[in-house]
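Right after this note come the structures.
First subunit A sits with subunit B, and in the next complex the same chain sits with subunit C.
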Partner chain A sequence: MSDTPQASSALESSLDGNTTVGGGTDSVSPLTAVGRAPRLRTSWRERFEITLLSGPAILVFVAFVIAPVIAAIYYGFYRWKGFGPPTDFIGLHNYKVILSDPEFHRAVLHNFEIVALSLIIQGPLAILLALLLNRKMRGRSIIRVLVFVPWVVSEVIAGTGLSLMLPVNGAINALLTKMQIFGDVHVSWLGPHMGLWTLMAILTWKYLGFAIILLMAGLQNIPEELYEAASIDGASYWQMQRRITLPLLGPTIRIWAFLSIIGALQLFDLPWIVWGEFNVDRDGVSTMATYMAHYGPRTGLYGYGNAVAVVLFVISLIVAVLYQRIVLSRDISGAVTDGKKKKR
Partner chain B sequence: MSFIPMRAKRTALAAAAAGLLLSTAACGSSDNTSDNADNGDGGTSSGPVTMTLWTNSTTGAGLDFFTNAAAAYHTANPNVTIKVQSVQNEDYDGKLQTALQAGQGSAPDIMYQRGGGKMLAMVQAGQLGEVNVSSDVQSNISAGAMSIYQADGKTYGIPLSITPEGIWYSKDLFKKAGVEIPTTIDQLADAAKKLKAAGTPLAVGGKDGWPAAHWYYMFAVRDCSQDALNKAATSAKFDDDCFLQAGKDLGAFVATNPFESDAFNVAAQGSAASTAGLLANHKVAGELMGAWEPGVVGDLTPNKKPLADLGYFPFPATANGGGDPAAMMQGADGYSCSAWAPKECSDFLNFIASPDQETKYAAAFSTIPANKAAQGSVTDSATKSALEASNNAPYSVLFLDTLFGSTVGGALNTAVVNFMSGQTSDPQSIVDAVNNASDKG
Partner chain C sequence: MTTASIEAPRGRRSRNGSPRKPKDPWGSPAVYFIALVIIGLSLAPVAYIVLGGFRDNSQLTVNPAGLPNPWRWSTYTHILQTSTFWREFTNSVLAAGVTTILVVALGLSASYVLARYRFRGRGFMFGLFAAGLMFPITVAITPLFIILNKIHLTDSLIGVILPQVAFALPTTIIILVPFLQAIPMEIEEAAAVDGCSRLSFYVRMVLPLSLPGVLTTGILTFVASWNSYLLPLFVLSDPSKYTLPLGVQQFHSAHGSDTAAVLAFTSLSMIPALVFFTAFERRIVGGLQGAVKG
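For the complex of A and B:
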């Protein structure tokens, strides 16, 4: 989903490069002919090269992204239970039901709560831990491994384990009781009051490692000379982090936030496995994706499920495009936005 | 979603392996190249025929039964080869639907079939072939069990086992808590209170949805007359007031807090922490289930042997209920032929439904064979009581979610869970969920 605007714009910009140029000779190198150099005609050979190089990617993209989206839009207009071809055309009925279903409203609300809380909780934590792990110190590699392990473990395995540990009679409460500090512990970690916070704790534990990996890669790209110059000028450690590291880490943070937002909007596996399909709504951890799975394949409403998928797609697309245009524009100007500007 | 059958959730390993598990019939024929397409509906029986069989059984005894049956059939009919393929139960409905949609070449010729509304959807899509039931088999299978596999006067499958519903309990724990077998709901609530005080409550695997929904089904069977149930079965609507009464009675029973704590975060099958596992380890005293229960519980006992003190009693009667207190709710496990299957498929179904094969089937699945001539082989005492209750029932109803199909059944199950877990307190929400199920697509 996050690829959609990028890929299509990149395609457009390369097409722009081809169609708006005129004149030129055959001796121009392909590198300058594509995209950048105006007033040059692309030769047949170059067109063939472009087709050859981008063809497989476009083919895969169309077959596995565009075609399913179109199929989902098509099925979404039908009352269809998945047996035989869809025949009962009902227009926008499915969309009317989805948009007026309070259960779906709750799911959307939960999605955006998760988006916001993920950014607020994981962002600062990840930055602090990345700074910490970037310093040379004893036991650094062990801490790194510990932080990354949850991210590597499959969601299904982590979810199954947590679903056995978190119930009232599960291991977590038993452990707290055995510690003999809190008395007899019967906390309903999965219940409606705690559900969202338990989910946020799980998500933070699970995906913090990914944020840290990204940020540490970003840290590697900050030139050492800047710190040297700053320390010669007498800057303290925290001053250096605030004036040098954070500003230069900006692009990485913004990309991480983008991935985190898209991931939160499409969250499915952890609530589905840890809470179960019948509990997510009551416990306040349902998402658009769990709603889609419950009312799509699980209850045999394939037409309705496809319509939900389209709504989920549109919401994610709007958020992604807005984020790219507003927040990411400065990082990717030239890569995505230039093509449009040229056109105007 | 529907009533989850016997060999349901085993270990994660078994589940993971299931997709890869393709065991061919042990036979000498190497002629697997013959495609079903060649044989068509009107294929001659003399040419070599290969059929695929899909079962939801992934483990030893159950899978062995089909491999052995396929081999035995091949010995008797050397031109017919049957390939047995195992699909994990929770994946089964989805995979089957996809394969049937793809039609000839992808669809299995012989398939595990739950019957009811789910089967009806396949019939209406023209994906199932009519089965010619031999008179021997026909006369030995009760009309009630057979009707699960019939639509518009035609038969689309043969049941191999029946799964009457009731409460499966630990005799030792009931004795310890000083509890007699209850025959009314009030007695059941009283028993539940004593069992809970003894630290071993009744259990419900609320996380999976359907085990909770079964409680509502049974209240509906007790509160609704046969007539009202029949009407609901054909209209898929809860028009009679008794369905609301069932919700009220369920609400009153749940208000006595009869189940284990945090019941809606407990699954029904598969692990020691599931209700079946808790019963197998004497942590809970009993649960409402179909007759697959002895097999499921037996897998989870510490020594993997059947639970020695497992007992069975039918669901108690409600006060002033309109239903017969002996009426039964049950499901069946059976097999169907796809629309593209060669005509030998019917013959093979009659073969596995024969008393001899049925005896082996019942032993492999520790269940009740549908063929009456094989029912004498049931030895387990709890299963025997369930069989007795089933035979004494004046009429019986299919599990409501299977009967209604996945859309209405799914809406019903969701509504019952929401009601029992306290998300809504109005029993009318259950009736509304069924009557409005078709709103969503």
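For the complex of A and C:
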């Protein structure tokens, strides 16, 4: 707690500092003007320092992030079982198969259902809980830690536990029966009817903590004075949240929504572990990533798996770019107009 | 100053009479009730796993949602005596520890360059790393496996560590750059006047000043690596190299009928991440503050 005010004040001063200094090269030239070193030597030296400091990071990043993506595009054009170099060039055939496979269509549909439901369910819930946890209340620090527990527990652990709780004769149904409200409960939570909703409940349980962390960090950036001013003007608590908190929390909500969308499109671990490799499609919780893992190196279809990776990446990229273009611009204009309304 | 501004509305309110006071709906007992429900829901699956490890299999079958009666410690002590658990534990510690150190070292250096140097290609470099946010490891796993296979890094922890470092760099850099930009130029200039080169400024000043951000990224990296599943699943096939998440899966499929043992194994493997995170939870919220600002 003690370091947070420092960080924010330091940030502000840096923003001021940056604007006054302008382009950073000016910040070096005063020194050279004093005559410590000739200009050319500084620049060579700088180049050396830049290479020394950023070289390793760029090297690792290019080798293990950029190179695989390029390799995927290359391998995607081949029919290749992984032995020797790929020779059987088949052009776009892999892509034709992927795009006409009904199993892949179902996976894409599930992905987009998960994207939409995550935003609708988790967004409002996370905002409410972040507001709640931001209040001064007894035991707040303990509550904070406990709410984040699901997020810290690994997908494998959560998935293993849940796969033991959710079957028809598992702990969930037994608990509901014990409550004696619903009678004898035999819901098949993992079955095709409930599958997607169970998955949504699991995802909400697992990732709400992260949304709350982000939003709480955003809440701390909102100056207290705004609320004081509003309360002098007689604003109610909910009016303040609607007119001050929500608009000013806009950027944070936007970042969270972006991360949530990308995460939902890439979802893999939980369906894979809770339902298992061969049940995800039947129970309506398959995703593009589980499809990719199923038809990739594990089944020896190296070329095909890479083509699926490319499709998954292209879909994520399109969604991300659309999101940046549409939501980003709309969100900014909305925040500005709201700000004007509030001032008047 | 703040005390004065807090004082002012109070005076005003008392003059107006208390009914006008803005109601804070969170003050009521209902709030504590909501908080309790949320905590209950958050902890229930974890509690099931931990408590299940104290029960035996017949208890678990007859009464899946009951409490341990009697409490059995033997399942836990038995697992703590197996070499499999400790080998996988060591592998996980090694992988997460080395990943965290490398991510902080490489990420902080690259962030320092991006935040404090002006050079051609800076925008491109930033764009390159920012684009990395769009490539979660899921997308790249298939070709990554092929590349690792080619350079003979499959079935080794290095083959898990290096890609983890690479995929953690974008987030790390996005979080750290604002922290480093926040260090006032005057400090750097003063250091330069005192004959401190930019490189030694980096080592002596930047490291301590950016500690909150470093802690945040370090903890996030450690927890992510401790929990990572997809990459080890593809890269490691030799059980002696398994990390704990793979070990949990392996244990589950090998001892599927011994539910109590599975639950005990699972709950033991989540302890380090939980302890680590709980100890530093406040730091994480503080460290993310810079990142969500824009």
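Criterion: the second predicted complex is superposed on the first by the 264 of 344 C-alpha atoms of A that agree within 3 Å, B and C clash if a C-alpha of one lies under 4 Å from a C-alpha of the other, contacts with A are read in each partner's own complex, and residues count from 1 in each chain.
Keep this in mind: a residue touches a chain if its C-beta (ideal position, glycine included) is under 8 Å from a C-beta of that chain, and two chains touch if they have at least 3 such contacts.
Here the structure is a predicted model, which is why all the values come from computation and not from measurement.
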{"item": "Subunit B versus subunit C as contact partner of A:Leu164, first or second or both or neither", "value": "both"}
{"item": "Touching partner for A:Val97 - first (subunit B), second (subunit C), both, neither", "value": "first"}
{"item": "Partner chain in contact with A:Lys81 - subunit B first, subunit C second, else both or neither", "value": "first"}
{"item": "Partner chain(s) touched by A:Met292 [first = subunit B, second = subunit C, both, neither]", "value": "second"}
{"item": "Subunit A: partner with more touched residues, subunit B or subunit C", "value": "C"}
{"item": "First (subunit B), second (subunit C), both or neither touched by A:Asn279", "value": "first"}
{"item": "Doubly contacted residues of subunit A, that is, touched by subunit B and again by subunit C", "value": "82, 160, 164, 169-170, 297, 302, 305"}
{"item": "Residues of subunit A defined as touching subunit C within the complex", "value": "1, 3-4, 7-8, 10-11, 13-14, 17-18, 21, 23-25, 27-28, 30-31, 36, 46-47, 49-50, 52-54, 56-58, 60-61, 63-69, 71-72, 75, 82, 129, 131-132, 135, 137-138, 141, 143-150, 152-158, 160-162, 164-165, 169-175, 178, 205, 209, 213-214, 216-218, 220-221, 224-225, 228, 231-232, 234-238, 240, 251-252, 255, 262-263, 266, 268-269, 273, 289, 292-293, 296-297, 302, 305-306, 308-309, 312-313, 316-317, 320"}
{"item": "Footprint of subunit A on subunit C - complex, ascending", "value": "2, 5-6, 8-9, 12, 20, 22-26, 31-32, 34-35, 38-39, 41-43, 45-46, 48-49, 52, 63-65, 102, 105-107, 109-110, 112-114, 116-119, 125, 128-129, 132-136, 138-147, 162-163, 165-167, 169-170, 173, 178-179, 181-186, 188-189, 192, 198-199, 202, 212, 223, 226-230, 234, 245-246, 248-249, 252, 259, 262-263, 266-267, 269-270, 273-274, 277-278, 281-294"}
{"item": "In the complex with subunit B, residue positions of subunit A that touch it", "value": "78-84, 90, 93-94, 97, 101, 160, 163-164, 166-170, 186, 188, 190, 275-279, 281-282, 294-295, 297-305, 307"}
{"item": "Of subunit B, residues touching subunit A in the complex", "value": "1, 12, 94, 97, 100-101, 121-122, 124-127, 206-209, 212, 260-262, 264-267, 271, 273, 405-407, 409-411, 413-414, 417-418, 421, 423, 439-441"}
